[in-house]
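Pasting in a structure now, in structure tokens, and then I'll have a few things to ask.
For reference, chains read A, B, C, D, E and F in written order, and residue numbers begin at 1 within each chain.
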Amino acid sequence: MKALDNLEEFRRYRERMNSRILESGNLEIKRFFALDTRAYERGALDTKTKELLGLVASTVLRCNDCITYHVIRCVQESVSQAEFFEALNVALIVGGSITIPHLRRAVEVFEECKQKQEKGQSIDL
Amino acid sequence: MKALDNLEEFRRYRERMNSRILESGNLEIKRFFALDTRAYERGALDTKTKELLGLVASTVLRCNDCITYHVIRCVQESVSQAEFFEALNVALIVGGSITIPHLRRAVEVFEECKQKQEKGQSIDL
Amino acid sequence: MKALDNLEEFRRYRERMNSRILESGNLEIKRFFALDTRAYERGALDTKTKELLGLVASTVLRCNDCITYHVIRCVQESVSQAEFFEALNVALIVGGSITIPHLRRAVEVFEECKQKQEKGQSIDL
Amino acid sequence: MKALDNLEEFRRYRERMNSRILESGNLEIKRFFALDTRAYERGALDTKTKELLGLVASTVLRCNDCITYHVIRCVQESVSQAEFFEALNVALIVGGSITIPHLRRAVEVFEECKQKQEKGQSIDL
Amino acid sequence: MKALDNLEEFRRYRERMNSRILESGNLEIKRFFALDTRAYERGALDTKTKELLGLVASTVLRCNDCITYHVIRCVQESVSQAEFFEALNVALIVGGSITIPHLRRAVEVFEECKQKQEKGQSIDL
Amino acid sequence: MKALDNLEEFRRYRERMNSRILESGNLEIKRFFALDTRAYERGALDTKTKELLGLVASTVLRCNDCITYHVIRCVQESVSQAEFFEALNVALIVGGSITIPHLRRAVEVFEECKQKQEKGQSIDL
């Protein structure tokens, strides 16, 4: 369960540093963070589709922290294993073998989230 | 209608050069092209969702030719204007203002495809 | 004077497509565009420094349209030739020889803007 | 004080491996390293501005080691908190949300450097 | 000998997660992995040249896991120190100073592989 | 023969703008250009191998001007069609389908260079 232990650490780090950034007095960055949250809210496209878009964008741009975030959100939105791997396959084809280390990370987080869910444990962000 | 005139030129160029590549005798490249086609076929995720994934991946990686291709495929799969702009907004938030020139291209191709459809003209690839 | 003739075409295209994007009804994209404008306004850092930051960011990310925009803004903000080349040199060192085609573009636009200014012609965006 | 403890480790690793690279006998790499140092020295632009250019370039290209280096240099050059966040905001707007994990790192290093300075501790590289 | 200890950990992680990915039931990803292996097999170009191509591609795209893999393969294919540094120099010139943290990693892995070989220890993947 | 007509135009543009850059008085950029030339000269690795490294680096980083340059150099160094496609296949696998538009360009330039050679025409840069 290493990745989600790390994740708990990451979650706290992310929360703490986001607070520091939002308290810095820079209003534009604050507004950017608000727009970032809005981008994944239900609209003409549902949240699940938008989270898959975020997952694929994060994978082809190869950002492990962003991938971790979107994998958790995908599990929360009930993305199935088959859907998850098909989305990753699009990222792999578009982005190439350079994305494979990030596929490993995505799969690791996905499986541990699923295990947590089965045990009735929280996967809140 | 400049973009689609260019597109017609691009379509012919793309077809011609893909043939040259596939006839080169390199079997691995040929297999990659087959996998590329398969990645967007209906599976656990429908084709429309996969084309939106391809569009967002192409936009954050900033490849106009790939964007052009996926915009046409999105229109063929009946992606609405609101869905289209929400997908582009995810790409814009993830990828930043550096993607804006590619948003312009995506919107131009989208609008011209819609106009062609209204006139009963083909938007085949 | 080819680049600036192209630029005039680009300026019109940019203006027209930005209007199409802003009229699309997607509020988040509209807000992103507003934040984008705000990012380069005078604050603790002056506008000239911020435009140099935008120029270097655009060059290492290799986007010709973004480079063109920031070069014109740099000339408007009275960036000298020596300052301009030192900023490009930072981009070249950080981003490598893959940025050289974009250096060529930046220098071409810079020189033509300077010529226009000498002739008393407008370099408005 | 975790980031700067890590930084101390990173500083030693960086010094050790740079030595190994420079002692390898490859003259071109040695010359590149010399040019890299020169790029941030005072010229038509002052060192502070050049370090801000290096910080923004490193952030949009998303390299934590490079960000760490330029944040420390920015603090040494007396970049204020407001100036620092405005530079990061340019990087965030240009590079998008994919840069946010690197903003967190930049802010963490910045704050710990400031704390070290207040305590009269060294932030030498 | 830290990098190769980490490498042993990475090797196990890589093997375990690759198995999970290949057992997921997604046939396209499986085929991609097969093509990935094929790309470096002897053909018109020998394996050593192909591994150098993989090393340079991984370095300019800045992926430490991919660099680690190709460095080990390069040592297995008897790439000399002079050849290794010349290939890294091409990557440094093309990709810029942003690749330097990855050069450090590459050199660290290279030297530890050479030491293992001298001691008659395995550097199998 | 469109690509090489464009190439002739590009060759002149490249030569003219490089002169402008080298005459600008910025010594660091001048030294970078010298290092860039040196990187592909015969050393422990022969020039042909280095040009293949440059081609693959340019393709995964997706720069058409850089690809054009290295394709011409590869043909001058007598890279065979089979070798050329195997190198492109490594780039395609590492960099993914987003590189395909650049493969088309590479193949177009390669074929036209070969035709020029058969007709006894110059492919000098």
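In the analysis below, a residue touches a chain if its C-beta (ideal position, glycine included) is under 8 Å from a C-beta of that chain, and two chains touch if they have at least 3 such contacts.
Only a predicted model underlies this, so the values are computations on that prediction, with no experimental measurement involved.
**Q** Looking at the contacts, which chains touch chain D and chain F alike?
**A** Chains in contact with chain D as well as chain F: A, B, C, E.
**Q** Identify the chains adjacent to both chain C and chain D in the sense defined at the top.
**A** A, B, E, F
**Q** Report the chain pair from C-D, B-E or B-C that duplicates the D-F interface, where duplication means over half of the contact pairs agree by residue number.
**A** B-E
**Q** Using mean Cα positions as chain centres, tell me which chain lies farthest from chain C.
**A** Between chain C and every other chain, the largest centroid distance is to E.
**Q** Indicate the whole-number Å distance between the mean C-alpha point of chain A and the mean C-alpha point of chain F.
**A** 38
**Q** Just give me the whole-number Å value for how far the CA centre of chain A lies from that of chain C.
**A** Result: the chain centres lie 33 Å from each other.
**Q** Could you please state the distance in Å, as a whole number, between where the Cα atoms of chain A are centred and where those of chain D are centred?
**A** Chain centres of chain A and chain D, defined by C-alpha means, are spaced 27 Å apart.
**Q** Multi-chain contacts only, two chains or more: what residues does chain B have there?
**A** 28, 32, 35-36, 39, 57-58, 60-61, 66, 82, 86, 89, 92-95, 97-98
**Q** What topology does the chain touch graph have (line, ring, star, complete, other)?
**A** The chain contacts form a complete graph, every chain touching every other.
**Q** Please give the residue numbers of chain C that touch chain A in the complex, ascending.
**A** 28, 31-32, 35, 38-39
**Q** Which residues of chain F touch chain B once you look at their complex with the stated criterion?
**A** 62, 81-82, 85-86, 88-89, 92-93, 97-98, 100-101, 103-104, 107-108, 111
**Q** Mind listing the chain B positions that touch chain F in their complex?
**A** Per the touch definition, chain B meets chain F at residues 13-14, 17-18, 20-21, 24-26, 28-29, 32, 36, 57-58, 61, 63, 65-66.
**Q** Going by the contact rule at the top, pick out the chain F residues touching chain E in the complex.
**A** 35-36, 39-40, 43-45, 49-50, 52-54, 56-58, 60-61, 66, 80, 82-83, 86-87, 89-91, 93-95
**Q** Spell out the part of chain A that touches chain F in their complex, as residue ranges.
**A** 60, 92-99
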